[in-house]
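Consider the two complexes below, in which chain A is the common component and chain B and chain C are the respective partners.
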Partner chain A sequence: MTRLVPPPLLSALKSGFGTPLASLLTFLAAGLVLTVSWSAAGWLFVNAVWPWQAAEACQVNTGICWPFLVEKARFILFGTYPAGQHMRPAVVSVLLIALTVITCRQMTGKPPHLSPVQLICAWLVTVPLCFVLMGGGVFGLEPVDPVRWNGMPILLMLSVIAIVLAFPLGLALALARTQTTHKGLSWAAAGYVEATRAVPMLTVIFVGIFVLPLTLPEGMSISPVTATLVALIFFHASYFAEDIRSGLISLPRGQTEAARSLGLSYWQSIFFVGLPQAIRRALPALVNSMIGAYKDTSLVIVVGILDLTATARASFGDPGWRDHALEAYGLVGVWFFLSCAYLSSVGRSLHKQTKG
Partner chain B sequence: MKLVLSSLVAAMTAAAASPALAGPVLDEIKEKDQLICLVNPNSPGFSVPDSNGVYQGFNTDFCRMAAAAILGDAGKADIRGIGFSDSMKTLVADGAHMASRSITATGTRDADAGMAFVATTFYDGQGFMIPKSIGVTSATQLEGATVCAEDGSTTLLNIADWFSDRTISYRVENIADKTARLEAFFNGKCDVYASDVTALLSDRLLSDTPEAYTILPEVISAEPLTLVTQPDQALEAAVFWAFQVMLNADVYGITSDNVDQIIADLGSYPKAVNRLFAEDSATAEMAEKLGLPQDWAYQVISQVGAYSEVFEKHLGKETAFGLELNETANALTADGGQMYAYPIR
Partner chain C sequence: MIPPSPPPPVKRRIRLSDVFVLSGIAVLLAFALANIQANMAAAGVHPGFGFLTKEAGFDVSETLIPYSPGSSYIRVILAGLANTVFLAGVCIILATVIGVLMGLVSVGPSPAGRWLAVAYVELFRNLPKLLVLLVLFVAAVNGLPHVREAMSAGPFHLSNRSLNFPVPLWDGKGWILLLALAAGLILPRLIEAHLQKHWGRSTPMPLSVLIGCPIVCVLAASVLFQVPSGFSVPELKGFDFQGGARVSLQFCVIAVTLGIYHGAQIAEVVRGGLQSVPKGQSEAAQALGLTRSQTIRLIILPQVIRIIIPPMNNQYVNLIKNTSIAIAVGYSDLMSVSGTVINQSFKPLEMMLITMGLYLVLCMSVATALNTYQARLIGRETR
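Presenting the complex of A and B:
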């Protein structure tokens, strides 16, 4: 017996106009979509001032002002970093983006195929290199005070580096909390995770800036950027720990027990049998936490660190360009949308891999 | 030979005199050949980075003034944008030499160790802006009004004091972001927008119809916005008198454009002008005592300009802020303002 499958258009019509209520909702939704797209198209295209037009036209036209973005792109990216040295934050940004993409491709099994050791080494070299390139003072690089580390490089350093360094810490915390041999260690890990998750990220950043420097020995100082980075690492680690722990406890006991009965040591059974499966199970949650951590980085503005969002705000503070808040925020929005979309696409392909 | 000898003697006296008399912070500035000056990272018209990431604005020019007076080069001011409470901490911890960031001089702040209020560069006060359509002519008629003001600022505290003293009831609409707050006001979400008067004058221009708004006559607070330095008698004197040179320039009509011309023909100008620029002038005597470049007054005027020049350049009629100097409290006392030029002699 063959069943007639309605063509897609027909079934769409049926679900959209099947009942009076459905018809009403369809009309309302269509009206909303049309209104929004109409004004968006007006702003983006009809009334736009194109990059090759004179900036004066922005005074008259009500649409997007491309000359503003052309004029301010460099400032939004690098802020008050000395203009002659922009190569340095540019290299830092490209390095961090490239290494992030390589790491993501590695996880989803795409080339270049690096060994885990190579990947870890790449990160271990890149992280200090970022600080050296930004700060200078060695190898003939002009010293640049951390107050001037603005825009894209600081956003990437505080998000990417924090996430990369928080991950191993989270892993250790998850293992400490799930193991049963040392009760004290397990309680300590649980206490740490619960305490960190119970305070808002803003508080953690404030602790990093104001309390952390007090704990250092006499004569040692720490820049606000480093202090914030340390605070963020400790904060994100507790979230990652919970994600990984959820993966660990979802594993059937038989997995590790079988590994132990085959003669593997505790560590071998964890690293070769337990963790690979646990992390794979935890990946959707981990990707979710990472996207959250990445987006929350803009909160560092409360302690005076000028990330991408802050430089965008300052770009329309320039008296000659005061009417262009929408363009500046739009640019930042597009960047966050694209980078988060990439991260979720990585999450999706990881998910498919796990199923397959 | 005589010339060499006399300049050698002069150099030796200068070398012997300056360490003994100059203050430690001033010495440090000269030793590093750089003056670290803190500004607000985003305060349109006062300090905001331009497209090259270099801070520009009214307040930044007083950083440049100090660098011109102390180091002879306005470009040696290392101007850093930093938040308010951080900038105070940085100053106290010797992370910077001075701050030019619209700090209101108050008694309790001055009583704190570690910072000194030096010279008031801008007189402001808090006021109210309303749409003309609500037909109010005095802030005392604002019974039941909704006020838009910055969350957590002294603005709100001043409003609370002023309205409760007069038992006027009001409602506050707290919006932290300035763009959003102004938008709410222009769209009629609140009846009154409260801020410093000069900010109101410039914010009004952001409306599509600036003529539809007016600023009420009441000014409910005093905001003497003042330069702050690390405590150091010599540094304080250098900054204070550099500012007085800029005010004196206005009194005698000296600008960065005509200063060279004036110096070329100094004899035909009043004695007070001679005391600013002549080789045996009062400023040269101060230079020797404070350890400043001999021609520091000239450097300030030629590189930064007179006070009115700085005001016009960043806040005046030609700018987006459109302020008329003589309509504000920042005019010279002779023009009805509060800027009083101290005698240089």
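Presenting the complex of A and C:
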């Protein structure tokens, strides 16, 4: 005899209201969801002031004020960058986003299929290009002081470029720590990685802003943006080093031993046998660390660098727009949510690949 | 592992390359230090820690230890450290409570509850903590009432300036309760040891005694010695509250931010821990005739705790480090105090060494404590 299977709705109801505790939870959760979606719908649609309406309506209506976003969108994206030159930060942002997406697709095995060498070359060209485009002063581009590099491009530069440059440093630290021939080097790497991981990112940024300029010989100077970038590279590198190291030590010893016995040199056995496998194993953890690094970049606001979060905070500073903090922060929140969700999905598919 | 195969015979010879690498690092450091010395001399500042005993001269909005602008730099750093420790303690409790509750809901019987827990975790995993902090801060400053119209729940008052709450009056007799608590914690152990010695019984004390004994001891001491003698209750007088204790709005907002931000991550840890215990474990326990609460207490919980301690350790260390975002809303924690000191005294290297050292010690001690606890748990099992 076949057992009767209850229809899905009925079984959901049964599990949702099966016991007193379950019903209580269901009521609480449903109540919370309904309240939140009710007020969200009111704010987003019912009381909204639409982009084609006059901005004065925002004084009366309590909902989202689209005219505010329309007027301030450029400021939130590019901050105080000279208005006539907005094409440059826009190109930098698009370049960095596009190259990040291509790299992520590459990792998960989707087209366009580039060779690792092509990918590395693309990054090597893009990173200096970003600085040239933002700073100007060559090729007839109007020079722009780093203080005016604001909003989206600075967020992307301080996150994407820091991550890209921190990766090789992290790799070197991980290799230095796992090798056993040079004890001193291994201890130095271990000490550096452990110390950096036990202090807040803000202290490292402070070191970059306040101490780094002091260590330069007389006559040399460093802009706050570059100092922060250097600090972030050194900070993220220790996290990446730890991820790569766990990938390295998870490899069976026989792998490198076999490579060595086949006559490969130490560096050959590392680059052709050890590292490719170790990085593949470490990728899910690495992607997690990268998402964390990307989200934490917003902390640069503390040392006076105006990234996306900071321009959003400044956008509702004018007397007329004081009540529209939620719109500005909402825009930034949506951007972070979408970009992080994309990166997490990359992490998840990498996780599946390494398991399968 | 990377290193080439068969381990070479140990040679106690110092390698030349090692000397090169280490002396290279040393030369770089010396170069940087020499430059710092030269640059600071050019600015007319002498490096060194002597400034610590000088007068700080700036005020700190809320402190747990006595402090005035006339106090020394050491004292202001200690005040900041005390604020950081207090903030971290409150955040750890808040995040653990939220995380464990949401973790339980996410494996609970109600589909609506599970859905809500997933939405909560996903939302806060994909947002920067600074953004959450700034949004909550703006919402709290604009949304909460002015001090004179503070929201009140009994003796608790929340306004857009502070949270005021009653505190017990100890009259310097608080140590009696601590003593009673210690006695209540030790007593069951003594009885246990006594039973084992004289009766050869090694049954552990029931949980109700282990928890109940300290509570009874503290209550008895409290009634016997009249400790606390009363409560100091905040009351609205003029433009602010008098009496009781207060924490600033900044403190509350940071605590709530880190509570829900890390709560989401702890919920994931708890969910993973709960789901990693095979179903057969609880089925076997029930087949042996254990009750539901016995199954949870003796079979499920010990396994879950063993699994989640390392990731929880990680979370707590991250949380302590993340309290440094307090500087973004102007709460005087260690980070923001040291920022002010740097701006005033122009001793960035010395101050950053102190600050990083203090954070290092703080994080390491929490991590070591939890690691020791886990080692004890594992040790007990294999005994």
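Everything that follows uses one rule, which is that the second predicted complex is superposed on the first by the 346 of 356 C-alpha atoms of A that agree within 3 Å, B and C clash if a C-alpha of one lies under 4 Å from a C-alpha of the other, contacts with A are read in each partner's own complex, and residues count from 1 in each chain.
Methods note: a residue touches a chain if its C-beta (ideal position, glycine included) is under 8 Å from a C-beta of that chain, and two chains touch if they have at least 3 such contacts.
Quick caveat, the model's predicted, so the values are computed rather than measured.
Taken together in the superposed arrangement on chain A, chain B and chain C clash.
By the touch criterion defined above, A:83 reaches chain B but does not reach chain C.
Looking at the shared chain after the overlay, A:148 reaches chain B, while chain C stays out of its contact range.
When the two complexes are overlaid on their common chain A, residue A:72 makes contact with chain B while staying clear of chain C. By the touch criterion stated above, A:295 is placed in contact with chain C alone, chain B being left untouched.
When both complexes are overlaid on chain A, the residue A:280 reaches neither chain B nor chain C. In the superposition on chain A, contact is made by A:201 with chain C only, not with chain B.
Applying the stated contact rule after C-alpha superposition, one finds that A:325 touches each of chain B and chain C. In the superposed model, C is the one of chain B and chain C that contacts more residues of chain A.
Once the two complexes are laid over each other on the shared chain, residue contacts for A:313 go to chain B and to chain C alike. In the superposition on chain A, A:105 makes contact with neither chain B nor chain C. Taking chain A as the common frame, chain C overlaps chain B at a single listed stretch, which among 202-210, 238-246 or 256-264 is 238-246.
Common to the chain B and chain C contact sets on chain A are residues 313, 323, 325.
Put simply, chain B touches chain A in their complex at residues 41-45, 48-56, 78, 80-83, 86, 179, 206, 314, 319-321.
By the touch criterion given at the top, residues 12, 15-16, 18-19, 21-23, 25-26, 28-30, 32-33, 175, 178-185, 188, 195, 198-203, 206-207, 210-211, 213-218, 248-249, 251, 253, 256-257, 260-261, 266, 269-270, 274, 295-299, 301-302, 309, 313, 323, 325-326, 329, 332-333, 336-337, 340-341, 344 of chain A touch chain C in their complex. Those residues of chain A that touch chain B in the complex are listed here as 71-72, 74-75, 78-83, 145, 147-148, 150, 224, 303-304, 306, 310, 313-314, 317-320, 322-323, 325. Remark: chain C residues 1-5, 15, 17-18, 21-22, 25, 31-33, 35-36, 38-40, 42, 105, 108-113, 115-116, 122-123, 125-131, 134-135, 138-139, 142, 317, 321-325, 327-328, 335, 338-339, 342, 348-349, 352, 355-356, 359-360, 363-364 touch chain A in the complex.
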